[in-house]
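Both complexes below contain chain A, partnered by chain B and then by chain C.
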Partner chain A sequence: MKSIEVKNLTKKFGDFISVNDISFDVYKGEIFGFLGANGAGKSTTIKMLCGILEPTSGDALVSGFSIDKDPENVKKNIGYMSQKFSLYGDLTVNENLNFFGGIYGLEGSILEKRKDWALNISGLENKGNILTSTLSVGFKQRLALGAAVMHEPKIVFLDEPTGGVDPVSRRKFWDLIHEISDKGMTVFVTTHYLDEAEFCNRIILINAGKLIASGSPAELKEEFIESTVLEIICDDTIAVTELLSDEDYSQNVSVFGNSIHLILKKKYSENSEELDIIKRSISEKTGKQDKVKINTILPSLEDVFLNLLERRE
Partner chain B sequence: MFTRIISISVKEFRQIFRDKRSLLIIFLLPVSLLALFGYAISIDVENIKLGVFDKDNSETSRKYLSSLDASAYFTITDHIRNDNEVNELLNNGKIYAAIVIPDNFEKEIQSDKNVMIQYIVDGVDASTAGIVQNYLLAVTYQFNSKIVTEELSRKGIKSVTPLNAEMQFWYNKDLDSTLFFIPGLIAMILIIITVILTSISLVREKEFSTIEQIRISPVSSLQLILGKITPYLILSLFIAASILLMGGILFGVEVKGSYMDLFIGTVCYLLATLSMGVFISTIAESQQVAFQISQLISQLPTIIFSGFIFPIESMPYFIQLLSNITPSKYFIIILRNILIKGTELSVYIDQIYFLLIFSAIFIFISAIRIKREQMT
Partner chain C sequence: MKIIRLFINKEFRQFLRDPKMFVIVLIAPIVQLVFLGYAANRDLNYVNTAVYDMDKSGKSRELLRDMEGSGFFKFNDFTANYDDLEKALDDGRVLCGIVIPDDFEKNIMNRRTADIQIIFDGSDGNKASIASGYILNILNNFSSEITAEIQERSGLKRSLAGMIIPETRVWYNPNLTTRNFMLPSIVGLILIIITINMTSLAIVKEREVGTLEQLIVTPIRPYQMIVGKLVPFTILGFVSIILVLSVMRFWFGIEVKGSVTFLFVCSFVFMLSTLGLGLFVSTISRTQQQAMITSAFLVIMPMIFLSGFAFPIDSMPEAIQYLTYLIPLKYFITIIRGIVLKGLGFSELWKDLLTLFLMGAAILTVSSLRFRKKLE
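Now for the complex of A and B:
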């Protein structure tokens, strides 16, 4: 069942085309990743899907309601949370939940029940009377999510929800996202972290307002990286990158922290002679510079996207 | 519908009571402003300091001077002995006016001659100088007629005063100028506080981007505005009551009209000022800017155009038209009617309508602006 149906959605600001004729579907209960660089049109798309920005052309059905013709009903059926965690620091946890429940029309015993649930999932049971500003970022983030889905929306939009959060809290937060999606809620999430995108059921990537890839993480890897990826661990990553980028066998070289991912032009089976020759050649070439370690790895989404974006340029 | 408005109002109340700055503005500012302005703004002339240079030093001159000293308007503070001293005292502002009584004052009066008494008045403050002039002339004429009457009766002629003006001052029978200024003062204090508080509270939500969450929720911009202004309306009514109470204690202000009318008029005025605050929040991006615009828009027109201090009737026609931009003008008329005259609602119903229309326009424009504002 389709939860969101986007059809030829376009938004222009004057001459600038922010979102350029994109179409995609999101299914019920999915965790749907929406990826793209800053300025790629992510925020504009989310604003339109939340019913607070009119599209220039095209339309989208969110939970069955047109964002163009019926934005009020769209708003009633969605939840929204951004990395700014729009909670009031000068209110207590309970007061914040009362407020967010209230603006979605919850009251009485239903409100109390939903509040308990939100406290529970954010790990703040018995901490309802704490001032929100004194909570750690990780707790604030989970509370913000709890507040955003308290009214049990069919779809929740998370706009870069894990910005500025430590890895442990990020992990816990994703556990929570899975919990919510298990309940049948559709989760639409934008993120900068491509390792997080691996947790999504399906992903789309947009660049300069255009949709350039869509599919599950596995599909994307298969579709866009047909060749072998080598991980080269070395000290001077920049020098090694320069050395390798002009070689016949290399298609794309990118730096990942203290290692390099080298995408080859062909797919080689592990232990094949051809791959050994390439590995040896790399060792020889970089031997003067560095002692390197070479492994064959499965491509990450980051490889996919860097490869995709570079191909476009 | 109402759940949403109430949720916003409850949240706002909590935030106000948790913020020491807001509390200070709400509970301390109004009363201190009232006391400050109430005592400072008074154009009643009392205890004007006089310096006396009595060259004659006779019984008649002393009588004349004591008639001045006896009035509440003047106090003789200095006895001057030479012309230089007159200059010195006036220059230093130790006296407001100097009286020079010539030699032979008594003798010349008794020989039916016309005697000149010289008054030297500090003319820097034109309006006070004018009032002093009138008081001095009045005292002098009174003294004149006393001399004439005495003279005539000594000659056996009964004197007649053909014309006598009997004055009755209605509404403010003691011509207490503080009583006249209090309505303007109440209007000014209320407009400053309400405009600043509402505009800042909404802009703060923009700064902390908490407004995004509200905008994306099913809360309409009208519900947001109503939810936001309700707590400030209730608080401002308490402020108004406390100002009135203080006005009664400090300056003897009383409510001559009905309390119900006063309530209606005040609510209408507060709606107008609160909607101005909401409107400012839609054009300001930071709390500081909101604060400055609020001050400018609320305070200045109230002082200049509202008839609070300067009568609107004596302004040029263009300025009179301009004076309609401030709701204070209308509330001051309403308040003067209720507090001083004790007239009925029908007398100032036009002003009530104006305030309601004013509020509706500002709320409408703000609602549209809030709806159009984009999420950042």
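Now for the complex of A and C:
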């Protein structure tokens, strides 16, 4: 069942086309990843879907309601967490939850129950009376998520929810996202952490306002990386990247920390003679430079996206 | 209704946690009132005067005694020449210089016209004209005294025939203190600051921090947001009116002659337009700084200058006088001075009140529509 149907959505700011005629569907209960570089149009799209921005043209059905014609009904069925912390810093945790819960019409014992749940997931039990502005970023984000979903909306929009937090907090946050998804809510999340994208059921990638790829992480890897990926561990990654990028066999070379991912032009079976030749040639070429270690690896989403984006340039 | 209550409740909690707001709403009006009560004093209690008496005669001393006896003139300087007198005026030590020529008494005795020279420092036109009024008054009395003496000496009876003697009564503000005139208008100024400045700041703050965006995503309706934002400031407005009136009554002894209830009703009607302006400022400002500057320079300053609070409207050029009809504060100042000083009520003030109401309704409607459009 479709939870969100986006049809030819476009948003222009003056001459600048922020979102350019994109269409996609999101299914009920899935964790849907919306990926793209900064300025690619992610936030603009999410704001249109939430009724904060009016589309220039096109439409979307969110939970069955048109964002253009029936934004009031859209708003009743969604929760939204912006990339900027947007609860009231000068209210206490409880006051914030009372306020936002109340706006969604929660009251009495249901409100209390949902509040307890929100406090629980944000790790703030018994801390309801502290001023929200004094919380650390990790707590704030989980509280914001709690406030955004305490009315149990059908769809939750999370705009870069894990920006600026440490890996442990990020992991905790994703556990929460899974918990929410298990409750049957559809989760629409934008991120630029590609390791996070691996947790999504389905992903779309946009670049300069255009949709350039969509599918599950596995499908994307299958579809866009049809060739072997080698990981080359070396000390001077920059020098080695330069050495390898002009070789006949290499399609794309990118640096990943202290290793290099080299996407070859073809798919080779492991232990095939051709692959051995390439590996040997790499060793020889870089031998003077460095002592390298070469492994065949499964492509990551990062490989997919760097490859996709580079192909476009 | 429930949502509006929730919103108002939220606003008050935020207000109570913000000591700055607290100061602005509760302390600032009192401080302003006290300062203005003492500082905005345009009454001239006495005039510093320099005298160059060339005559040094009985008559010249008599005239000077009369002047000093009036209590308005204080002779700080008796100069021995004209230059010193000029210098006293130049230095600003005195506001007025009196030169009595050496033939003053002789002329009087010989039944000729006697001249004296009076020089004013006109840099403060208001003061100079008041002082000149005082002097003319004294000179008139002095002249009629001389005339009477001459009549007597010629064997005629002292007579006041043919003279018109005014019996002046000053109503509403019998002691002619500017304070009584100025202070009631403070109610208007305070309301302007609370309802224009603070309302716009409070709304823009939500936009700046991002909570406005969060609110837009909820099912809350724009009108609920507007009412929820404006009601708390209306209440704060009333709180400060009560404060101002109390200080006026118990500190300065200015009583409200008319009905206090009617004053509250009028204040509410006035607040429709100022809240509307506050809302409007919030729709054209992205940051709190912008809101602050816009409301201070584009709204509040013109209001104060053109309302008749600072300068009398009658003495403005005609074109600007027409402009003042667009200033809500003008009507409110007329109303509040009427109620506080003259004890006027609805039957005398309904025209101003109606104008104020129509203006308020128009401004509030336009701003609300703009606010709604900005949200969607």
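The criterion applied here is as follows: the second predicted complex is superposed on the first by the 313 of 313 C-alpha atoms of A that agree within 3 Å, B and C clash if a C-alpha of one lies under 4 Å from a C-alpha of the other, contacts with A are read in each partner's own complex, and residues count from 1 in each chain.
Please note the rule applied: a residue touches a chain if its C-beta (ideal position, glycine included) is under 8 Å from a C-beta of that chain, and two chains touch if they have at least 3 such contacts.
The structure presented is a predicted model; accordingly, all values stated were derived computationally and were not measured.
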Fit or clash between chain C and chain B when superposed on chain A: clash
Partner chain in contact with A:I103 - chain B first, chain C second, else both or neither: both
Which of chain B and chain C A:K75 touches, first, second, both or neither: both
Touching partner for A:E54 - first (chain B), second (chain C), both, neither: second
Partner chain(s) touched by A:G164 [first = chain B, second = chain C, both, neither]: neither
First, second, both or neither for A:K84, with chain B first and chain C second: both
First, second, both or neither for A:G184, with chain B first and chain C second: neither
Shared contact residues on chain A - chain B and chain C: 50-52, 72, 75-76, 78, 80, 82, 84, 86-91, 95, 98-100, 102-105
Chain B partner contacts - residues on chain A that touch it in the complex: 43, 47, 50-53, 72, 75-76, 78, 80, 82, 84, 86-91, 95, 98-107, 148
Of chain B, residues touching chain A in the complex: 3-4, 6-8, 10-11, 14-15, 18-19, 208-219, 374-375
Of all residues in chain A, those that touch chain C in their complex: 50-52, 54, 71-72, 75-76, 78-80, 82, 84-91, 95, 98-100, 102-105, 131
Chain A-facing residues of chain C, complex: 2-3, 6, 10, 13-14, 17-18, 209-211, 213-220, 376
